[in-house]
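Two complexes are shown next, each including chain A; its partner changes from chain B in the first to chain C in the second.
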Partner chain A sequence: MGALIGWFCHYTPVEIITALGFTPYRLLGREGNTPRADTYLVGNLCPYVKSCLETAIRQELPPLAGTVIARSCNAMIHLASTWPRYGGRGATLVLDVPRRLDEEAVLYYSQDLRRLAGELARLGERQLEDSLLWQAIDAWEEQRSCWRGLLAARARGEICLSGSDVMAWLDGWQTGMTAAGRDKGQAGSATIEQRSRPDFRGRPRLMLAGSILPAELPALVEEWGGWPVCEDACNGRRFLLAEVARETGDPYLHLARLYLGGPPCPRMVADQTRRQQYWAGVVNDYQIDGVIYHVMKFCDAAIYDFRAMKDFCDRRGLPLLRLDGDYTGGGRGQWQTRVEAFLEMF
Partner chain B sequence: MTVTAGLDLGSLTTKAVVIRDGAIAGSVVMKSGVRSEDIAWRALKAALDQAGIGEEQVDGIVATGYGRVRVPFAHRKVTEITCHARGIYHLWPEVATVIDIGGQDSKVILLDRGGKVRDFVMNEKCAAGTGRFLEVMARSLEVNVEEMGELSLAAPRGASISSMCTVFAESEVVSLVAEGRPVAEIIRGLHEAVAQRVAAMASRVGWEEPVAMTGGVAKNRGVVKSLEDNLGTAIRVPPDPQIIGALGAALLAADSKK
Partner chain C sequence: MDIYQLIRSHLAGPLRRRAFKSPWAYRLLKQLVAAQKKRYSWQAAYELLLNTIDQVAAAYLQQGPVVWHNVFFPTEILYGLGLVPFAPEAAAAVAVGLGVAEEAFRVAEGDWVSGESCSFHRLAYGCDRAGYLPPPGAVVCSSHLCDAAPQSLAAAAGYHNVPFYLLDVPHRQDAAAFNYVARQLKSITFSLADALGVPWDQERFQEALLASNTAREHLLAVNRLRGQRPACIRGDEAHGFIYLMLAGFGSGAAAAVYRQLAAELEQRWREQRRAVPEERARLLWLHLRPYYPTEIFNLLEQKAGAVVVFEEMHHVYWEPLDPARPFYSLAGKVLSHHGLGCISRRIEAILAMVDAYQVDGVIHFAHWGCRQSTAGLRLLQDALRDREIPFLNLEGDCVDKSKYAPGATRTRLEGFLEMLRAV
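Then we have the complex of A and B:
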C-alpha cells in the first residue's frame, strides 16, 4: 500500500492519487465534540470540517504524506487555511472545484486537476504518465460500476443489505485502509450477499439525503422501522458518480467531466436543475416513498438544498422529514421521535 | 365493553387516560421521575382506580411521549405526534393544525381530513419555546408557573426579551427585574417570545385553520393569547390540554381492537 493522501470532498479525483502510487484516504471525522478544533475555527462552522480537524489535532489519523482539500464551500476554504498549521502532517494541496457544469467549468477544472497532479507527483517518486492515469480511471470505474449495480439490486429488493453495512463498506472503500474495504467494489454482490440479509420489504422506501450523512443514520432509520434504499450523500451514492462516455486524449478533461457531471451535490448552486433531475431519477428508479433530509448544522449549502428538496417533494406529493444534526453522534434521542412519527404517517 | 389505556411519559409529567367504549373513564397527571416504568405503572393504576376498572379488564395499552420506550407493559409504542393528532381529532375532527407545547419540546402538527398526520415540525435541540423555558423563568421571577398566565394578561405591555436561549434569557430577566420592570410585563414579554417562536415554526410547516393547542403550556392563557395574536386566529384549547397525548394513545389502542 502506498503512502496515504488524505481527501475530504467527493469532487477529489482519487484516480490521480492512485495513479501516482499513493493510497487515497477519505477523512470522515470522528464521533464526539470538537473542543480542540473549536479553538481555531469559529463556532458556527461545518461540524464535519471541525470533526476532521479535531482528528488531526488529536493525532488520531494515520500518517499522511499529504492532504488534498477541495475548496468546495466556505467551511472548506477555512479548513484549507487552518490545516497546514494545526492539522495533519504532510503537504496540504488545494483544489478549486467549480460550482456548475459547462464547458468552461470542465476546462477550468481539468487544468486545476493537471496542476494538482504535478504537485502530488513532487511528493512521490513517480511522474504521472497519461497511460497510468487512464489505468487508474478504468480501475476506479470498474469498482464504482460494481457498487452502482449492487446498490441498484438492493433498491430493487433483489439482495438485502443493511444501511449500516452499506455505509461501513463504503467508508472502508473510501478510506482504502482495509483490504476488505478495497475489495468491496471488485467483489460485487456475490461476496456481499453472504454477509447480511435483513429483510425490510414492506417498509416505506426512503431516500436519505444531505451534504455528508452521519454514518449511523441509515442503521437508526432501519431500527426505527424504515428502509433506506438510497443515501444521497457525498459519503454515499454521490461518490459513486455516474458513467460518462470515455474522453479520448486528455485524461484530465475526462476526469473533470466525470466529477462535475456526476450526481450534483448541494453546493452546486448553479446546477440546481440537474440536481432536481437527479432526485427525480432516484425517486423513479428506486421507487422512493419518502425522503429524510439530514441538514448539517451551519452547512449553508444543505440549508438551501433542503428548501429545493421541499419544493421538489411538495410537487410530487412525497413526504419529507428534516433532521438537524451536528455530526457528533449525539442526535439519536432527538431523531427517534421525528423519524418514528414520520414513519407513522405512511 | 372495550377498555383501553394511554400513557404519555413526558419530561416533566406523566399522564394516563383510561377510556371505556370511547369515553374517558379516568385520567391522572403525575410528576415524571427517573424510573419511568414505576411512574407509568402508578399513573395507570391511579387512572384505573378512578374509573373503577381492574387491570385485568384492560384490552390494550399504548405508550407515548419521550419515555414511551421504557414502558414494558405497553402493547404498542406510538409517538406523541400521532397521539396528539388522534386525541384532537376525537374532540374536534375539523381541526387542521395542532400546536403542542410540552415540557421539553414544541411541535406543530398538520392533520388531513381523516385526522391523520400530514406533516409536522418540532423545535430544535434547545429548550427555547417550551414548558421548561417558562419554568426556568418562573423560578427566576419567584412566581408559580401556574400563575404566569393570569399575571401576564393583566400587564398593559410586554417587556422586550431578545434572547430565546434559556440561559441568556434568564440573565436578561434578572436584569429587567433589577431595572425595576414589573414582573407581569416581563412575563408577558416571555410569553410573546415563546409565541413568536412557535408561530414561526407554524409558518414553516404551513399551518391552516382551525387551530387547537395541547400540552401543559396550553393551560397558560397568556401564551395562548400571544399565539392567537401572532397567528391572527382563535385557538381552541380542550378542557384538559395536558392529557390529549394520553387520550390519543388510548384511542389508538381502541382503534386496533376494532
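Then we have the complex of A and C:
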C-alpha cells in the first residue's frame, strides 16, 4: 500500500492518486464537537469541514503524504486556506471543480486534473503515464460497477440490504483503496450480500438525501422503523458516479466527463434540471415511498437544494421530512421524534 | 383589533407593491429628492440617488428586458446589451429602508429558506415571493466568492421560469482559467441577446466597456484623494457609493457620479474641510455595513474622531478593460478579485490598503451567513497582528435588524477605540 493521500469531495478523481502509487484516503471527520477547529474557522461554517480540520489538529489522522482539497464550495475554499497552516501535515494540493456540465467545463476540468497529476507526481517517485492512469480508471470503474450492481439489485428487491451496512462499507471502501486491490470492493459488497439480510419488508422505502450524510443516520432510521433504500449523498450513491463510454485518447478528458457527468451534487447549480431527473430516476428505480432530507447546518447548497427537493416531492406527491444536523452525532432525540412522526404517515 | 388598523394591514402591502409599478410614484419621488437638493452634503450622492431611482423605475416599469444579476457579475455585459440590470441583493438593502423586511423574512422562512443562510438572499427571496421585485426576463450569476447567490438566483429563475446563466469562476488565475471564463462570458452574452431578442450592437457594447474604464479612472482618483490626511469624507457618507461597485459599472451614470465625487473631494481637500473636526484615528472597513439605523458610525466618527477612510468594497482590483478584446478583459476583471481563491490574496490586498490609506485599525463587519467574508478571518487576524494593526471583528447582520445588539456593539466599539488610543 502506497503513502496515503487525503481527499474530501467526491469530485476528486481518486484514479490519479492510485495511478501514482498512492492510496486515496477519504477524510470523513469525526464524531463529537469541534472546539479546536472552531478557533480557526467561524461558527456558522460547514460542520463536516470543521470536523475534518479537528481530526487533523488533534492528530487523529494516519500520516498523509498530502491532501487534495477540491474547492467545491465556500467551506472547502476556506479549508484549503486553513489546512496547510493549522491542519494537516504533508502537501496541500487544490483542485477547482466546475459547477456546470458542458464541453467548456469538461475541458477546463481536464486541464486542471492534468495539473493536479503533475503536482501529485512531484510528491512521489513515479511519473504518471497515460497507460497507468487508464489502468487505474479501469480498476476503479470495476469496483464502482460492482457496487452499482449491488445497489441495483437492492433497488429491484432481489436482495435486502441494510442502509447502515451499505454506508459503513462505502465509508470503509473510500478510506484506503489500492489500484490493484479491486477485490476489496468486491469482497465488501459480497460480504454485505451474505451477512445483511434484514427483513424490512412492509416498511416504507425511503431515500435519504443531503450533501453529506452522517454515517449513523441510516441505522437510526432503520431502528425507528424506516427502510433506507437509497442514500443520495456524496458519501453514498453519488460517489459511485455513473457509467460513461470510455474515451480513447486523453484520460483526463475521460475523468472530467466521468466526474462532472455523475449524479449531480447540490453545488452543481447550473445543472438543476439534471438533478431533478436524477431524483426522478431514483424514485422510480428504487420505488421510493418517502424522502428524508438531511440539511447540514450552514450548507448553503443544501438549504436551497432542499427547497428544490420540496417542489419535486410536492409534484410527485411524496412525503418529505427535513432533518437539520450538524454532523457531530447530536440531536438524535429530536430526530427520533420527527422520524417516528413522519413514518406514522405511511 | 381596531378597524382602521385592520384596513391598513390589508391595504398597506398591495398599495406598496402597486406603488413600485406606477410611473407617478417615481416622478413624485424624483421631485421630492430634487426639492431637497441643497440638503445633500455631497452632490455626487444626490446624483447617485436620482440615477438609482431611474434605474429602479426602468426595472419596475419594464422599460426593457430586466436581467437579475448578483453583485459580482460583470454588469458591463448587461449595459452593453442595453438591458435593465437588477440586483436582488442590492434591492434587499433597500427593502430594509422601505420597511418590508420583516414580512419578506417571514415569507422566506415560511418557504424553508432557513435563517442559517445569508440574510441578503433570504430577504431578496422573500421580497420576490411577496411580489415586491420586478419579474426578470433572465437571471445571470457568477459563482465566485459566494455560494448563496448562485443557489438563490437559480431558484428565482426557476420560480419565474426564465433562463438562468451561471458564470462558473475557477480560483486560479492561469491561462486555462482565463480562457474558460472568457468563453463563458461570450456564450452568456450571445445567449442573453438571443433569449431576450436584443440585437447585438458592437458599438454599444464597446461603449459600456469604455464607460466602465472611465468610472474606474474616476474611482481611482476618489481613492487617491481618500488616502490623504486629513480625511475629507466620512465612511458613513462614502458607504453609499458602494452601490455603484456592485451594480453600476458599464453605465455612464457610474462614471458621472465618481467624477462628481472626485471633484468635490478635491475641492474640500483644497479648502481643508475635514470629515471630522479632529481626526484621531483612521480606519479601514471590511465587508458591508448595516442598512438600518445604528449608532456605529456616529460612535466611531462623530464622537471618537475615528474616521473610516476606506472600504474594502471600493478597492479597484482590476486592470482597465480592452474594448478590442471585451470578453478576455472582462474575464481578467472577474479573476482579479482579491476575494477569489486562497485567502492570502485578500490578506495581501488588505495589507496594501492599510499602507495606502495609512490606517490605524481595521474593522470587519461579520455579516451573518456571509461565509466567504468571515470564514477565514483567523488568518487575516494573524496577519494584522504581525503588523501590530488593531483589528475588530464586529458581528452582526447587514439587513436583519433583529440581530443588532446595541449594547454589545457599543461595548466592543469602545473597547476597540481604547485599544486604538493605546497604540
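As a working rule, the second predicted complex is superposed on the first by the 334 of 346 C-alpha atoms of A that agree within 3 Å, B and C clash if a C-alpha of one lies under 4 Å from a C-alpha of the other, contacts with A are read in each partner's own complex, and residues count from 1 in each chain.
Here, a residue touches a chain if its C-beta (ideal position, glycine included) is under 8 Å from a C-beta of that chain, and two chains touch if they have at least 3 such contacts.
A quick note: this is a predicted structure, and the numbers were derived from the prediction, not measured.
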Of the partners chain B and chain C, which touch A:145 in the superposed model: first, second, both, neither?
-> neither
Who does A:135 touch here: chain B (first), chain C (second), both, or neither?
-> neither
Check whether A:112 is in contact with chain B, with chain C, with both or with neither, and answer first, second, both or neither.
-> second
Counting only touches as set out at the top, which of chain B and chain C does A:33 meet: first, second, both, neither?
-> neither
Which partner, once the models are overlaid, touches more of chain A's residues, chain C or chain B?
-> C
Touched partner set for A:328, first chain B, second chain C, both or neither | neither
Considering only touches as defined above, state whether A:338 meets chain B (first), chain C (second), both or neither.
-> first
Which holds for A:71: it touches chain B only (first), chain C only (second), both, or neither?
-> second
Touching both chain B and chain C, residues of chain A = 322, 324
What residues on chain C touch chain A, complex-wise?
-> 111-114, 116-118, 143, 146-148, 150-152, 154-155, 158, 164, 166, 168, 170-172, 176-177, 179-180, 183-184, 187, 341-344, 366, 368-369, 371-372, 374-379
Across the complex, what residues on chain B touch chain A?
-> 66, 78-82, 116-122, 124-125
For chain A, which residues are in contact with chain B within the complex?
-> 319, 322, 324, 333-334, 337-338, 340-341, 344-345
In their shared complex, at which residues does chain A touch chain C?
-> 39-42, 44-45, 71, 73-75, 77-78, 80-82, 85, 94, 96, 98-100, 104-105, 107-108, 111-112, 266-267, 269-270, 272, 295, 297-298, 300-301, 303-308, 310, 322, 324
